[in-house]
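Note that subunit A is present in both complexes that follow, paired respectively with subunit B and with subunit C.
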Partner chain A sequence: MSSFAENLQNIDRRYLYLTLLLIVVIGLLVPIPLPLAVGPQARGVYDAIEKADPRKLAIVSTLWSASTQGENRPQTRVIIEHLMRRKLKFALIAFGDPQSTILAYEVADELAPKYGYKYGRDWINFGFRADIAGTLKGMVRNIEETLKQDTKERKPLHQFPIMKGIRNFDDVGFIAEVSASANYVSWLGLVAGSTDAPFCYAPTSVMAPELYTYIDSGQIAGMLFGIKGAAEYERMLGIKGFTTRAITPVSLTLILLFVLIGLGNYGMFASRRQGGKA
Partner chain B sequence: MNLQKFLISAFPAAKGSMIWIAPLLVIACSVVLFFVLQSLPGRARKALIASLTFLAGLFYALEFFWPVRKGTDENFLTFAVPTVGNVINVLAAFTLGLGVFSLVRIHTGKVVKQREGWPNSAVLLISIVVMAVAGIRFENTLFFRSLFRDVLNSFDAAMFATLAFFIISAAYRAFRIKSAEATLLMVAALVVMLGQIPIGQYLTHWIPENGSFASIFRLDSISNWLLLTVNAPATRAIGFGLGIGGLAIALRLWLSLERGAFFEAKADES
Partner chain C sequence: MIEYSHPVGIWIGAIGTLALFSLILKENWLYRLFEHMFIGLAAGYTIKAAWHEILKPQWWIPMTRDGQWPWAFALFGGFLFYTIFTKRYNWMSRISIGILLGFAAGQAFQATANLYIPQIRGSFKPLWVTQSMLPAGSQVTPLGQSLNNILFLVIIITVMTYFFFSFEQKNRVIQSTARTGRLMLMFAFGAIFGSTVMARMALLIDRVWFLMHRWLGIG
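Let's turn to the complex of A and B:
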């Protein structure tokens, strides 16, 4: 008969799944009102938008699909909302995943009436491009010549008032990439050297640690660290959106993870002391 | 003669009926080219593809390294960068089409021969057709939005969400402190993760966020320090290694020195 210590190392995974499910559901239904400190990375994104030149275009690039929308959608939302609050003109562009262009468009389209944003005058959707490197290389020289037309109305870019005076990245005042992938390599390698516009990144939590080297070097002006970054941003904007509520189940899930790892290790040590299987 | 002016005069913008004739000519030429390529022996095909790969790489290398004209940021190739970018986009889009073609070919075969799991293949084929028709013909309708938002997005999100369950189970079983390194990793992971969540931050919330020496002892500050001062140099070192490796691979691909490529195998066959 296996001992209690051995059992602690081998809890049936169905119990683990059930506990996790309960914690997520309860966490969403009953948010714990705990304060969330705003980190310097999220502050960096906020400051970059605050300082952006309103005469220039802001670019929000996206590479995410429904699979990571739990983190990437609120990140896209807070960035666009802040751009709209500051009355900055912005353009959406998507790489990598065709879903991305529709999902990001939905976010902007939903927020536009609240801030009186008109398509073509205040914002535009450049749409999806299959190849990021060739597109960015072209945009560095001439945005209109590279992208030709928008995605919504399929009209040449020069017909939109927002594109008046916008030729290349010299006329761009802010760049953000919301991504579930490593697109920052292309942005930093091909664009960052050709513009003074600050580059900010909003990755999923699992990707965020690899970005710190570029934050340290100053190549990335700010970052939204997954859903936590979006929650920090909501705090700075003074809104209580999805992430403010969703951060509770995230916290509880991590606590569950710590507890389970602790139990597993306690079981291992206890089992060793008893001379059992570790 | 200026290369840009020469190209513009040699290939003027299509007008009138040429707008329709030019794409048809391109399609006809592509079909002919396809059969010519198919009929070439493996070695000749490899040489042709190696030459095209080299020329394509050479364009960007020359454009990057060639000195710019005085008073401008451009050299004699810069004007072509957006056009070449568009060509690459078209080629990349073709690879998406190729992927769909490959999927359809394999799963059609499965359905026709009723191999194991053929109903799944049938569902896949029907889904591809329905989604394509909805996206092309009924883009701004409830039909497409419902398929995209309610079906595809929900499936996609649900698939990814199941990862959380597997991660919890895997971390519980795999994360055992069996060495000093594992202990160090565990402590670092604990501090970093606690620093990212409100419950963790609450443990040291009584320490001021800014303006005090004690602020560095807040969990979120320690977490940030670990990510910036310990994690970043390690990531940078890995990045250097990856960069050098990437450069070597890029050179090998550019010069078609990479062994085991598809056309090399074809060349050996002939």
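Let's turn to the complex of A and C:
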């Protein structure tokens, strides 16, 4: 007969998934007011937008798809909402994954009526570009010559009022990349030296740890650390969106994993002591 | 076009989500069906986007409507890549690959310098920080920042020692330094693992919220 310790290592994974699901559902339905401190990384993004020159264009670059929208959609939303609150004109551009362009557009289009933003006057969608390096190198020289037209109305960029006086990255006052990939390498490598605009990054949590060296060196002005960063930003903006609600189940699921890792390790060491299979 | 918020779109999203989650129980035909649908849709959408957003406005229209006929040579350059599949003409593909490599190498050279030189510069930190060195409004005390910087220096030296493979690490000082470096790397990997778990949980929560709120109207 197998011992309790051995059983701990052989729990049917379906029970674990069921427990996880229950915790998520309970966490979403019963929001527990857990403390959430706003970190300096999220504060960096906020300050960069607050200090951005309203005469210049802000660029929100995206590389995410439906598969990471749990983190990247709320990040995109809070950044765009803050830009709109500050009445900054901005452009969307998508690299790598064409789903990005429609998903980010959807977020901006949904928020636009709330802040009286008009397409072409206050914001524009540059659309999807497959080659980030070539596109960025071109935009450093001339944005309009490189991109040619927008992606919604498919008209030449110079026909939009928002593009008046915007020639290259000298006329850009803020850059943010919301991404599920390592696009920051291209932005920092090919654009950083050509503009004074602060560069902020909103990666998925998986990628965030590798970004700290760039924050430390000052190359990245601020970062939204996955869903947690978006929740911190919602707090700074004073809104209660999806991430404010989701941060409770995030914390609960992490606690569950701590417990399960603890139990698994206990089971392994206990069964070793008993001379059983480890 | 059915929009994401349209009831039909929500039902399709819900059925797709449940079908993909069914893998948790066991491998099944429904999961495979929706997996193939997802991959097919993504591939189809990418082709459509590549044509409408890039090729048509930047290549086809200038070539056919604006009289910029030299763009036709781009097609020839692109076709050269496919000669790699023939033994007789595969040397021709090297022309296109060579041009592309040249572009990539030039960009990589610039990108590497821009990426890493600021980091090397940023790694020179004062080990004794005074109040005047801290940015205005900083919540860190000079002592705290000094300790941070000392820790930074210790970690950078120990980790770099671990990756120093030019000679055998026989010296006991170097061995213990490298071992400390490895330990520090473990801390970093732990942080990355924790972040990965958080990311996956966030994606799960998003889907569960979609099913509960958008599909079933709960919450």
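The rule we apply is simple: the second predicted complex is superposed on the first by the 278 of 278 C-alpha atoms of A that agree within 3 Å, B and C clash if a C-alpha of one lies under 4 Å from a C-alpha of the other, contacts with A are read in each partner's own complex, and residues count from 1 in each chain.
The rule is short, and it goes like this: a contact is a pair of C-beta atoms (placed from the backbone, for glycine too) under 8 Å apart; a residue touches a chain by one contact, two chains touch by 3 or more.
Note that this is a predicted model, so its numbers are computed, not measured.
K.L.:
Looking at the combined model built on subunit A, do subunit B and subunit C fit side by side or clash?
P.N.:
Verdict on subunit A: clash between subunit B and subunit C.
K.L.:
With the two complexes superposed on chain A, say which partner A:101 touches: subunit B (first), subunit C (second), both, or neither.
P.N.:
After superposition on chain A, A:101 lies in contact with subunit C alone.
K.L.:
When the two structures are overlaid on chain A, which partner does A:120 contact: first (subunit B), second (subunit C), both, or neither?
P.N.:
Neither partner.
K.L.:
Taking the superposition as given, does A:257 touch the first partner, subunit B, the second, subunit C, both, or neither?
P.N.:
After superposition on chain A, A:257 lies in contact with both partners, subunit B and subunit C.
K.L.:
Counting only touches as set out at the top, which of subunit B and subunit C does A:241 meet: first, second, both, neither?
P.N.:
neither
K.L.:
Touching A:151, do we find subunit B (first), subunit C (second), both, or neither?
P.N.:
A:151 sits against subunit C, while subunit B stays out of touch.
K.L.:
Does subunit B (first) or subunit C (second) touch A:205, or do both, or does neither?
P.N.:
Both subunit B and subunit C are touched by A:205.
K.L.:
In the superposed arrangement, does A:133 touch subunit B (first), subunit C (second), both or neither?
P.N.:
Both subunit B and subunit C are touched by A:133.
K.L.:
Touching A:213, do we find subunit B (first), subunit C (second), both, or neither?
P.N.:
Once the two structures are laid over each other on A, A:213 reaches both partners.
K.L.:
Residues of subunit A that sit at the subunit B interface in one complex and at the subunit C interface in the other, please.
P.N.:
13, 17, 20, 24, 65, 67-70, 99, 129-130, 133-134, 137, 148, 205, 209-210, 213, 216, 225, 228, 250, 253-254, 257
K.L.:
For a test of understanding, state which residues of subunit B touch subunit A in their complex under the given definition.
P.N.:
60, 74, 78-79, 81-89, 91-93, 95-96, 148, 152-154, 156-157, 159-161, 164-165, 168-169, 171-173, 175-177, 186, 190, 193-194, 196-202, 205, 209, 218, 220, 224, 227-228, 231-233, 235-236, 239
K.L.:
Could you please specify the touching residues of subunit C with respect to subunit A in the complex?
P.N.:
My answer: residues 4, 24-25, 42, 45-46, 48-50, 53-54, 57-58, 103-104, 107, 110-112, 114-115, 118-119, 121-123, 152, 188, 191-192, 194-199, 201-209, 212, 218-219.
K.L.:
Given the complex with subunit B, which residues does subunit A contribute to the contact?
P.N.:
Counting only subunit A, the residues touching subunit B are 11, 13, 16-17, 20, 24, 32, 34-37, 39-40, 65-70, 99, 102-103, 129-131, 133-142, 145-146, 148, 205, 209-210, 212-213, 215-216, 225, 228, 247-248, 250-258, 260-261, 263-265, 268.
K.L.:
Over in the complex, which subunit A residues touch subunit C? Could you list them?
P.N.:
Residue positions touching the partner: 13-14, 17, 20-21, 24-25, 27-29, 65, 67-71, 73, 97-99, 101, 106, 127-130, 133-134, 137, 148-149, 151, 154, 185-186, 188-190, 192-193, 204-210, 213-214, 216-219, 225-228, 242, 245-246, 249-250, 253-254, 257.
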